[in-house]
Every structure is written in C-alpha cells, then in structure tokens.
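Naming follows writing order (A, B, C and D), and every chain is counted from residue 1.
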Amino acid sequence: MRQGVRTTTASTSAVVNCCHFTMVALGLLASFGTTAAEIDPASWPAAWHQPMATASELGLTHFQQAPMLAEQVAAGTLPPLQQRLPTDPVVLQPINNIGQYGGTARIFRSDWDKLNNLEGPLTVDPSAAKILPNVIERWEYSDNNQVLTLHIREGLKWSDGSAVTAADFIFYHQHVTLNTELNPITAPQWVGSQITAIDDLSFRYEFPQPFPLLINIMAQIGDYMLAPSAFMQQFHPAFVDRTQLLASIYAQGYVSWMSYFNAILFWTRNSQPLAPTLRPYQMVERTPIAEYYSRNPYYWKVDPEGNQLPYIDKIRAEVIDNADVMAAKASTGQVDFAAFEMKTQDFPLFKLGEKTAGIKVLVWHRIHGSDVIIMPNLTIDDSRLRTLFRDRRFRRALSVAINRDEMNSVIYFGRGTPRQATVIPTSRFYAQEFAQAFAQYDPAQANSWLDEMGLIDVDGDGLRNFADGEALTITLEYIDFETPKNISLELVVSYWRAVGIDLRLKEVDQALQYNRATGNLMQMTAWHADRSTDILFPWQPQWYVPMHIGWEEAHWNSWSIYYLSGGARGEQPPAEIIQLQDWWQELTRSAEPARVTELGRNILRSSAENVWTIGTVGLAPQPVIVSGRLHNVPAQGYWGWDNRWTMAYHPATWYLTQ
Amino acid sequence: MSGFILRRLLAMIPTLLIISVIVFILIQLPPGDIISATLASLQQQGMEVSTEQIAALRAQYNLDDPMVVQYLRWITHFVQGDLGYSIKYQQPVNTLIWDRLGYTVLIAVASLLFTWALAIPIGIYSAVRQYGFGDYFFTVVGLLGLAIPNFMLALILMYCGYSWFGVSVGGLFSPELAEAPWSSAKFMDLLKHIWIPMIVIGTAGTASIMRVMRANLLDELSKPYVVTARAKGVRPLKLIMKYPVRIAINPFISTIGWLLPTLISGEAIVSIVLNLPTTGPLLLQALLSQDMYLAGSFIMLLSILTVLGMLLSDILLAALDPRIRYE
Amino acid sequence: MSQEQILSINNLTVEFGSELGTQTALHGISFVMQRGRTTAIVGESGSGKSVTAYSTLRLIEAPGRITAGEILFRPTGLPVFDILALRPDSDALYNLRGNQIAMIFQEPMTALSPVHTIGNQVMEAILTHRPVGKAEAFMQATDMLRRVGINNAAERMHQYPFEFSGGMRQRVVIAMALVCQPELLICDEPTTALDVTIQAEILALIRDLKDEFNSSVLFITHDLGVVAQIADDVVVMHQGRILESGSVRQVLKSPLHPYTRGLLGAMPGLPGLQPRRHDKARRLATVNDSQGTTDFGQHPLISLNDGRRVALPQAKIDEALKP
Amino acid sequence: MSSPQLLQDVSSARLTWLRFKRHRLALASGIFLVVIYLTAGFCEFFAVYEPNSRNPRAIYAPPQQVHFIDPVEGFQLRPFVYGYHLTINPDTWVREYTEDHSQKFPLQFFAPGEAYQFWNLFGASRHFVTVPDTGYLHLFGTDKLGRDIFSRVLYGARISLSLGLLGVALTIVLGVLIGGLAGYLGGMVDNVIQRTIEVLQSIPTLPLWMALSAALPPHWSPLGVYFGIIVILSFIQWTGLARVVRGRFLALREEDFVVAARLLGAGRLRIIFRHLLPSFMSHIITTATLAIPGMILAETALSFLGVGLRAPIVSWGVLLQQAQNFQVIILTPWLLIPGVFVVLVVIAFNLLGDGMRDAADPYGGSNSA
C-alpha cells in the first residue's frame, strides 16, 4: 500500500483498499449484533415506560430507611422517615432485584450526575421518546397552548426538609431566569412570559405565544426551572441588602454576587453552604481531590418493598483531569461506574479489564446524530474565510472529502453509522436522504468543487491557496471530551490535506472553548450532534438553525445573536437563514403534528443541502464500565445529553455489594 | 548566625521582586487570554453596557490602568495574600491553591530525600571503586534514570505498581483514606503511593547528583588532608565517612537550592500523569485555559518555594561549614 | 639489615600510567636510614623524592604503582618486616601509619581538614592507635599541642584550622604526627610553604622533638640550606634516581656528582641563610644552565670506602676525588 | 609528584583525542549519534513512508517480522515480510493481526517507493528499504491511524534532534555573549546579569516553559511553534553557561596574554573573541553536548503536556504523547519505541559529553556542580 495522503491520485488508490477492508470488517461485525440499533423497549421494566407508580397505588404502607439514616433518627438529629417522605412516595422498580443499603460508590467527577441524576419537574422514558411526570405530578395545556398549568406532588421536600412549593418555581422564573444580571439576554421563549401561583402546589406559566414544547424543556433541563427559594433568597440582592451581600461576597474573593449565587446553586463552591436538592444525593464536601456526596435523607422515591432510595450511602467522585488516567482506573476496576469520559476506541482495554479486574463493559448506544460535527464559522470576522465558508461548494467539498467508512472502521470497530449530522432514525423528522447527503467519500468531486472556486495550489506545496496566492489555513479549536473528537479530527485533517486543505487542530480548555465560541473568535470548532431526538431537536435545533449561543457551536454566532436579541445586536442573516428561523419559530408554536413534522423536515432538508455542519459517524457504541460490585445497571441504554444519560434508568435503584 | 540569616533574607527581596515582574509579564503575555475572551463573549451576548459583572471583572484585573499600576496593585494584593480570582474555576485562587502546594512540597521533599538516599551511597561507591564494574553499572543506571522521560517512567511504574502490587492507579491515597484524618494507616497508605512519584522524580536527579558526588569525592580523596588522615592510619571507611563525605556533603546541601526547581518541574509532569492532587495538574489546566492569574499565582508561589529552598540550603551550609558562617 | 638501621629501601620502583604510556617515577632506588639520625632526600620537583616518602607509607595511589622493590622497616625491639609485603588492608599497615611511622606534609594550609576542629584531628591519631577514651586522648592531644608551642592549647583544641596562622597550623600538623611517638618521622618539605622566620622555628622544633622522642627523621626537601641545618645524611635524587648519598659533611662539603655541585652552586650565600622563595625559579634555572640539559646517565651507584655512594663512572669518581 | 614531561611535543589537540579514544563508551556514543543524525538528516530516504501516510489496513498493527526462510522455497537471500491478516476479536474488540502467508512482500533496497520531496528541494522516490507497490512495510508497527512508526520515528528524529542542536546553539550564543559581557565588563553590568541569572534559575523550569509555550499564539504555523519552542527552551538554559563563561572570563582577564592584548590596544570584543573564547572552547563544547539531551527531554515533556509541538509536526515528544496510556503498555507496546530512541540518544549525549569533558580537562572536570 502506498497511501500518499498528500496527492489526490495516490489517495484514490487507497480508497479501493480501505473500502474493501471496511466491508470485511463490517462482515465480521455482523456476526455479533447490528450496528446502532434501536433497543428493544422490553429490555427495561414495563413500569419505566409509564408514569411512576405511587405507594398508595401499590398498596405500600410501610417504609424502611437506610441504617445510616435510622441512626440519625435515633439520635434525634433527623425527623422520622414518615415525616420526610412525601404524602404518597413514588415507587421505582429496579431492573433486576431489590437492592441492599450501604456502600460508597467510587466514580469520576465527570460522572457525578450519572449516579446522582437530575430530578427535574418532568422526566423521559428509557426509549427517550416519551415525557413522564416527576416532581410535577400532572400538567394541562390550555387549548391555545399558551397557558401551562402544573401540579407539584404533595409533601415533597428539599434535602433540608423544607417543602417544595410553587414559590420555588416562581422564584426561579422571576429572580433568576428574568434577572438581567444573572442572564443578560432573556431567552426569547421567556420574553413576555408570566408565572402565577394558584395555590401552594399549583401554578401556571403564561406566554404571549403558544409554547407546546415547554414540557420538553421541563423534562430535559428542568433543573433550570426551580430552586429552593427560601434558601437561595439569602444570596439574592432582591431579598437582602445589596451592599452587605456584596461586602461578604467580595470578602470571600468572589467577583460578583452572580458568581457567588451560581456557585451555591450549582454546588461549585468548595465549602458550605450549598443549595438543598431533590436529587438522590447531596454534596457534603469538595476537596481538590474529590467531591463527596451523601444520600438525601428526604429523597422521595422508594422501591417496591418500601425501602427509601437510594440504596447506596455515599458517592466519592474523584477529580481527574487526565482522560488516560481515567481509562486506566476504570479498566482496572478502581471505580464502580465510569462512562462519560470513556472513549469508544478504548473498548479493547476495557474488555481486557473484564478478564483481569472483574469489571463489566456494557455497550450503550449514543443518541448523537453524529459523534463529531465540524462547524465552519459562517460569521467569522475574517472576511476571506467568511466568504469561503459561506460558499456551499466549499462545505460540500469538505464533507465529501471525508472517508466516513474508514473512520467507522478505524475508530468505531465498524459499529457506528457513517452519516451526516441529522436526527436519529427513530425521530419523526428523519429521512434517509438527510443522513446520506454529501456523506459519500468522493475526493475527486471535492477537488473539482474546490478547483471551481479558484482555490488552486499555486506554490506547489500540495495545499490550496486563496485565489490571490495567499496561504489558506483553517484553525479548528475544540475540546476532546465525550466523543472521540481528537482521533476523528486527526483523520479529517488527513482527508482534507489530501484535497489540499490545510486544517490545523488546537485543543483548548473548556473555559476557553466557552468564551472563544460565544465570543465569535473561532474559525471552526467541533462538537457532537446531540439534540438529535424528538425531545430536544424541535426545541434546540441549533446545528441546523441559528437560534442559540453556547460553547458547543461557533458556526453562526452573529446570526444567532441577531435572532436572540431581536435584531438589536449581531449581524442580519441572509434570507434563507431567516427562513430557517421562521420555520423553527413556527415549529415551536404549532400544535398540529403534521405541520410540525413538515417544518422540522424543512429545516433538516436545508441542512442536508447546505451542509451547515459537517457530520462524520453517528449512533456509535458508548462504553459503560461497571464494577463487579455495582448492580441493577441496565445492560443497554441510550446515552446522551438528550435523555440526561442515565436519568431514565434510575440510578437510585442501583446498589453495591461487597 | 542570626545576622547571617537576616542578611540572606534581605537579599531575597530584590530576587523575588524581579521574579514577580517576570510572572506578571507572563500573566499579560497570552494574546487571547481568558479575560479578553470572557469580555468578548459577554459583549457578544449583549453586555456592552457596563454591567456589574463586567465592571467587576475589569476592576478586579485593573484592565483600564497603566501596566505599572496594574502590576503594583497585583503585587500588593499578592503580598497581602489575595491571589486573585480564577476565571476558570469561578473561585478565589486562595481556595484552590494551598492544599495542592502542600502536596507539592511533600513530594518534592520526599523525592529529594530519595535522591540523596540513592545518590550518596552510590556516589561514594563509584568514587571509591572508580572505573570498576560497579562504577560503570551505576553510571549507566543513573543515566537511564536521567534519560527515560519522566512521564513515560511514571506510566510504566504506575502499571507495574498496579499489576504487581495492586496499588490503586493514580492519586496519593487509596480512595477510602484520601480524606480521612491523619493516622498511621493513612501514612502507610501514603507511603504505598508516594514511591512512584518519588522514584520517577528522584531518578531523574539521581544521575547528576551521583556524578557530582562521585566527582566531589574523587576531588576530595586526593586532597592533602585526606592523605594526612591516611598517613595517620585511619581506616578507609572511617576515612571516607569522616573527611570527604563531610566535605562533599556541602555541595549536597546546596543541591537543595538548585535541585528544587528541577524537582518541582518533575513533580508537575509526574502529577499530571499520575493525577496527583498537587500544583502540576492545576497549573496545566490554568495554562491551557489561559487562566493567567491562577497560573501566575502558581508560578510565583513555586518560585518563592525555590527561593526559600535556596535560603534554607544557605543556612544549612552555614551551620555545617564554619568558614561560611564567619565570612 | 643491622640493628642500627631503621629503614632500608631496596630497588624501589614506582611507575605512573597515562594514556601515553608508562612513566617511571622511581628507577629502583636503594638507600638505608640509620636509627636516630635525620636523613634528607634532596632534589628538584619531579626527582622522585616525594614518591619515595609516599611509598614508605604505601600512600601511592592509582595511576601510580609500586612495581618492584622492598622497604624493610625495623621498629625497636621488633623483627624487621617489608612494608611493601603487607596486605593493603592489614592491621600491620594501619598500625604502621601514624603509629610507627608518621608524616608531616608540605602544605599546612591544606593538610588539615577545614571543617573539623584541631582537637578532633589531633585526637584522631591517638584514638586510632591507642586504647584510650576520649578524655584521655584529649589530655594527650592538649599536652602535645603545648609541646609544639601552642599557647592556650586546651582552648585552641576547639578551634578550626582557619583560625590558625600558617606556622601554627604546621605546629598542629607536627603535633598530630608526633602524638603517637612514632619511631620514624617523614617530613615532606614541611617548611617550604612557610615564611623564612617561621621556617627556622619549625626546623628547630622538629629537631628538638626528634631528640626528645628519640625518633628517626626522613626529611624531604629541595633546599640544601635546610639540609645543612637539619640533616645527618643526604640522598640526592634526580629524575627518579639517586645520584649521590652520604653524610651531610661529605655531600655538602665535597660533592662528587656534577649535579650536586650544580645544586650547591645555585645556592646564593652561605648554607643556612635561606634564599627568598621567589628566587627558587632562578636558582633552578641556574642548575640547568650550569649543566645544560645534561642527562646524568644511568650509571649504577658505586659505594665508596667512606660510605658514600655516587652514580658516576669510576673514572669520573676518581677524577672528582682528586684533590 | 611527577608529571609526564617527555611527551611535550604531542599537541594538546592530539592528546585530547587520544584521551577521548580511551573512553570506549563515549566513542561508541559519538558514532551512534553521528549515524542517527545522518539518518535524521536524510530521513526522507531512510523512512519507508511519509510521516502522515496512513495504512487503513493496519490500525495498531504490530511490527512485521523480517523473514529469510520461506516455508516453500526455503532460505532466501532477499529478506521479506508477510502481509497482515486482520480479525477483530468479537469478545475482546481487539484487532488481532496474524501473518498472512499468501501475501509476501520482499524487501527492496535503494528501490523506488513512495514519492517524497527531499528537503523540499526536489522530488524523489528511492528509499533505503521499501517493498513493492502492492505491499506495505511496518518494521516498528503502526499507530491508531495506521501510520508507520518506523517512518515517524525517523521524521521525529529530525525535529527532536535538530531542536536540541538549534536550542543549544542559541543557548551558547546567549550564554557566551551575556556571560562574557558580565565577566569581561564586570562592575554594574556583572551585577545586573548575575542577579538576573539567579532569578531565572530560581523559577521552576517546567512551569515557566509551560507558561511561555502556552502563550504561543494558536494560529502560528507548525514551523513557528517549532522555533518558538526553541527560543523558550534556550531562554532559561543559557544561564548555566553564562555563569561558567563569566567565571572563566573573570579569571582569564587578568592573565598575561589578555593584558598584553589590551596593552597592544586590541578592542574589547576582539579580546573576547580572539583571545578569551578560544581558551575555553572545549569547555563550551562539552557543556553544550551535555545540554542537548536536556533540550530533547524538555521537548518531549512539553509536547506530552500538549503545550509543545503539535501535529502535523512529528517529533519524538508528539509520538510519545500518543503512547501515554495503559492501553499502550498492555496492548500496543510498540508505540513506546520512540521512547527507546529518546533514551538512547540522551544516554549517548551524556556519555559523549562525559568523555569529552574528561578528555579536554582530565583533572578539572569534577567541579561541574
């Protein structure tokens, strides 16, 4: 094999080789399971697909608690269990068997919320298709979808014992969401919104426009909709004297009350106080080495025998910055659960651990439309790059220059699906052509488009120049986490180099990624195409429509700003982009299913034709490492941001044996 | 003696001042640092109006003042123990730094002791058996220690530690003891873990110290007073222990000074590989995110540490060598 | 070897290796020291006189090597033995050093360890060879320091060498050498590094102490003036060979060998009147000038009837002996 | 004691060489270094592939064994390798490679292979060793993308070794210049320089290097970063040399021949460069030799941390960065081969430097601390 990535002729000969190889590899893989398949809903308890049962429904009247809590009750430092549980506790069905109390789960910090999962107003089912009640027991939309009335479960308590009431939602909405110091830009959906208490446990949101998707938000990022109001008011200038508050905050070294407020609310402080929670565990301590969680004595879910969950007493989440060390520790059985930072390409290492360290390697399914998507910044300040990036031929050429089959075999052992960035196949918006558009490997076509654009290699270094002879280089800044971005991008560099495009990679830190992406300072960045399910795509189609700014995208920030600020800032997008934004706006308001589907497909079709972002391989296997002593973890699950990873698989029912 | 210490303490001040200037320049160096990126990000999101946050940020870092004023303010705060605010961690630097600095010192000192424990006897042996088999053998072993990149050795030892001794991978303690109060069990656990960084960092310095020791000794062995002692009938072992080692130990004490920067460098990289809760990983994170105040504070503190180390070595030298004391 | 002889060096050969081959420092020299007398070895630098002294205590170190010969030593009342035949780590050798034979070195500035007290170093010799405790050793050492003329000896025991002047240090070195009352004292140019006035004091001290302790002295020097003051017998060495030996009177008054004559001729003024140090170079230059680059040949030593020995052909000896 | 005088006619250079030759290890190290530098210099020719060429049929493939004996034809003069047969183990997910005896690629020497641009000067395709077009040759195995480790080690050698050399050259220039000025001028200048050196030496090197290299603009070209790293590494290294130079200058400037030159009206610089420098050139060269491995190690460290050189530049540090995990030790140990080269080169430089020091200055080499 004479691979010559630099010359086009040589690489065409390579195509034959590797395509051949890929087929061989795929043929092998066919023998042990289909790739990126749907998971049979029957692999999870039937109860998980329904709204959670309550104790009264199951006739449960007696409840037990963990020994460590019983001791505290006996010592008088904690009220008895009956007073802590809600009026009618929620019953969770463990996937395998009733667990036992005790133990400290060892995990990495990046997996902290995989065990200590979000308890939002609503939640999703294991298939990531349905929205189910949680803190909110039931809800009703008005006919025009402009008013949403919600009812909180009765007797629910925060981990400090205070009651969960409508005031907690109202506080968050009025003093956090709409506070212009905490959130300088009010997100469009909240503009003009109102919240009203009906009674202690019932309240309603009202919007100037229909907002049927609010329940999607409440299920997926509902943690941004309520807070323990009585507690948090101590740190909010609307409720205490601002001067005094600031004095105490500055004295602790914080720059602003906002950073202090957020540090308490989101548990990022090193020391107490930290906000009370509804999650199974509360943070008790944070050191440079680790975070420590202890069971929430007021947790409001029980198992079918009336044992208060969670089963596990404590969590120790070790802080590790080095992904290689994490892989080493996970593969040697030194953590009980590891997934978030586990890389697909390390499967062989983990599998070895099954033999030597007694771990279990579960293969979950990532619900990312594409594991890596590449985003050229269409609104970059550099006018030459902007012109280039905005040329559809350029984006298409970059896309077809990528050999996705080869990526699939090199990185994913052939178990992913080469595809463009689009929704997952089970989505109502899916069409095969969206996934396949410009996803074929055709360097000759890429070369001809690039030639056509006048990007010719004038100096003979094998790399194309701008028409005026200036060198053309593109810097892609990215964070290497969650999905195999580094290795994927390295391959992309070589594919693009083969068609004469000089791509340079620069791994940046997370904080820098956020600031440089939102600051419109990046030429190109990469992320993974989450939000590809029906839960999030209709609500946050940010890869396909400029409607959001965050650390994950940098491809059209100024257009997004323009949209978000109602034209006050940013840059006015061209008509076809405005069309996209209009379609999306209509989608979020429409109550008519057929229209919703049509609008979603319009958006995706535009993306398929225009290649706003360049997808690579999606629907890939996610390693989930479980130690020999952790039980009740489902063998299969969907893995991703859309369903908050483990939320639907009830980590509170997982337990440890010795 | 106290006069001597006082003089040396005073001499530290200009050194530290110049270091602080260098560190401040470092802080200012990155073109796209996190503060400007934060500002760009905030502005992009519509914060042109001087909100409290942006004003606080600018005020905190005195972005509008002339460089000299910025420097003076920074150094004044630093001296008062206010190390600034880490943008990346959204926390005061003070809350992040001290525990880690403690572990850095611990590992550095342990490595220093290990280096000595290894290098001194080998150095003596090599000097006494100059050009013998052992001399060559230890020279080569020492060179190996020097030549294997620290991070590679750390990885290999981590693997060996795990697969042979079942030592948990990474960290300084077993998880169950990490936050426990100090006890003999915790101390033993620390010993179980600290040997990897100790060996990795130590071996890197052993070769050079070994050679210094050997050369010093060879030098000393031919000194007239050693011949005098031999002529007195003093036996070789006693001779070597009493005279040359005693003299050659002086340069060793001075190694505290010049070895510390090396040890801290080695510590940084080994800690990153082994995920030790020291300054190294945090410094790297700070640098990667261009959180320059955090990074600057680290470098400043580490420099102070080495300057103090040098001071300590000077004082020890003075205590050991009467000539210096009386100068 | 008769009772009167304390040391007999026979055919001593010392070689030094280097990357360019082997260099012979001593070409099989032989001479005898009489008990109770002071024998001086005199010669220029590189003549091998110091090597001879070091060989006697087996202090020659790599790359130097004693390749042949014997050094017979006869302590009072004990059988004679060959120093070169002792095993390097034998008790006899360590007992020899410092106890039976002691040595005084050229540089009092460096012959003492700078980081140990005077007392420590003087006591070391006692503690090494005598079965006494520290207190006793301290007494003996103090006593010895006093005898070599150091005032406040007990106090000065606690001081470091850098607190002593050059002459005082040399007294310390002498004290250190004599503290075990050795039968043979080797002085390796003990006065070369000292001022003229001090030199005389030190020489007087060595002479007095030698008489007091009834020692024999092997005195190495390049200075015939000193020889005249202190020695009974003289051995003249040049380039690793002995050219002439005999009593002081014989050698200094009527030297037979042209080299010895040259040395004498190069000495300004009368014997006993010391030239200033920096004149040394000129003096030695004079030696060479008067003799040219003469190779003094490798004539065997011929013993004369009067006990002298000289390395000259018989004809030349006869010539020289003519009045 | 006596010192050899009979060989005065042997020139000191020859004497040094004779002494050096006695150090067998140093001599061997010197030869090894010459060979590896030459190989690195002509790595286009010695490598089988370009550093970024990929063989997608060989992901994490182990080194191929060179065979002389064919099961059918018996012993052959021309060595050959077999192709890989790949299976992905369904239990372990490991790519398992076995020799595919149906594919036999004979090794060809000085034969045409993958085309390359020699020193960016002219195109060529002859390689020291290669295999026919249809085959592939991976003597050290391949990495995660199927790149040939052997070729990458050679290309990496060019970067890492030249970086050491250039860095040390810069160090010498800075060290000699600054140290020389301090030693020659003395007084205020000396004081200031002395204090600066003290300060620089008390800042821990690696953190300072990390800070400086992290400050290199992200959009710099790989070549720019390469030179940036060289400057950064030299930025601290010069202090040691400057100290030595200063000390020597202080001692030398009172020597007769310098005084004489000054009396004759020679300019200061002229005195420095014509009279002072040559007098301890050997010392400088030795110090430089001993400093090169430090540079090479520093580069690997920085690259490992991700603040040094970056792909597409291939250096030993960059190669080792990819070898930094458990998986490598357990499953693909051949990725550590670049580390072996680092170790060998560092040791060789140290032995060479030691030998040179002993040869140039057999009696005074011990005061290096």
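Here is the rule we go by: contacts are C-beta pairs under 8 Å (C-beta built on N, C-alpha and C of every residue); 3 or more make two chains touch, one makes a residue touch a chain.
Remember, predicted model here, so these are calculated numbers, not experimental data.
Each of A-D and B-D has its own count of C-beta contacts, and the greater count is at B-D. Comparing the CA-atom centres of all chains against that of subunit C, the greatest distance is found for A. Ranked by how close its C-alpha mean sits to the mean of all protein C-alpha atoms, the top chain is B.
For the pair subunit A and subunit D, the distance between C-alpha centroids works out to 45 Å.
If you average the CA atoms of subunit B and of subunit D, the two centres end up 26 Å from each other. If you average the Cα atoms of subunit B and of subunit C, the two centres end up 53 Å apart. Subunit C and subunit D have Cα centroids lying 55 Å from one another. Each of residues 328, 332, 507-508 in subunit A touches at least two other chains.
For subunit B, the set of residues that touch two or more other chains comprises 32, 169, 272-273, 284, 288, 290. Counting partner chains per residue, subunit D has residues 218, 306, 324-326, 330 touching two or more of them. Residues 14-15, 18-19, 22, 26, 29-32, 140, 143-144, 146-152, 155-156, 159, 169, 207, 211-212, 215-216, 218-219, 251, 254-255, 258, 260-262, 264-266, 268-269, 272-273, 283-284, 287-288, 290, 295, 298-299, 302-303, 306-307, 310 of subunit B are the ones touching subunit D in the complex. Considering their complex, residues 1-7, 14, 17-18, 21, 24-25, 28-29, 31-32, 324, 327-328, 331-332, 345-349, 351-352, 406, 409-410, 413-414, 473, 475, 477, 487, 490-491, 493-494, 497, 504-508 of subunit A touch subunit D.
For subunit C in complex with subunit B, the residues that touch the partner chain are 57, 59, 61-62, 89, 94-99, 102-103, 105-107, 110-116, 121, 124-125, 128-129, 160, 162, 173, 176-177.
Residues of subunit B that touch subunit C in their complex: 130, 222-225, 227-236, 242-243, 246-247, 320-323, 326. Of all residues in subunit D, those touching subunit B in their complex are 195-196, 198-208, 210-212, 214-215, 217-218, 293, 297, 300-301, 304-307, 320, 323-326, 329-330, 336, 339, 342-344, 346-347, 350-351, 365-369.
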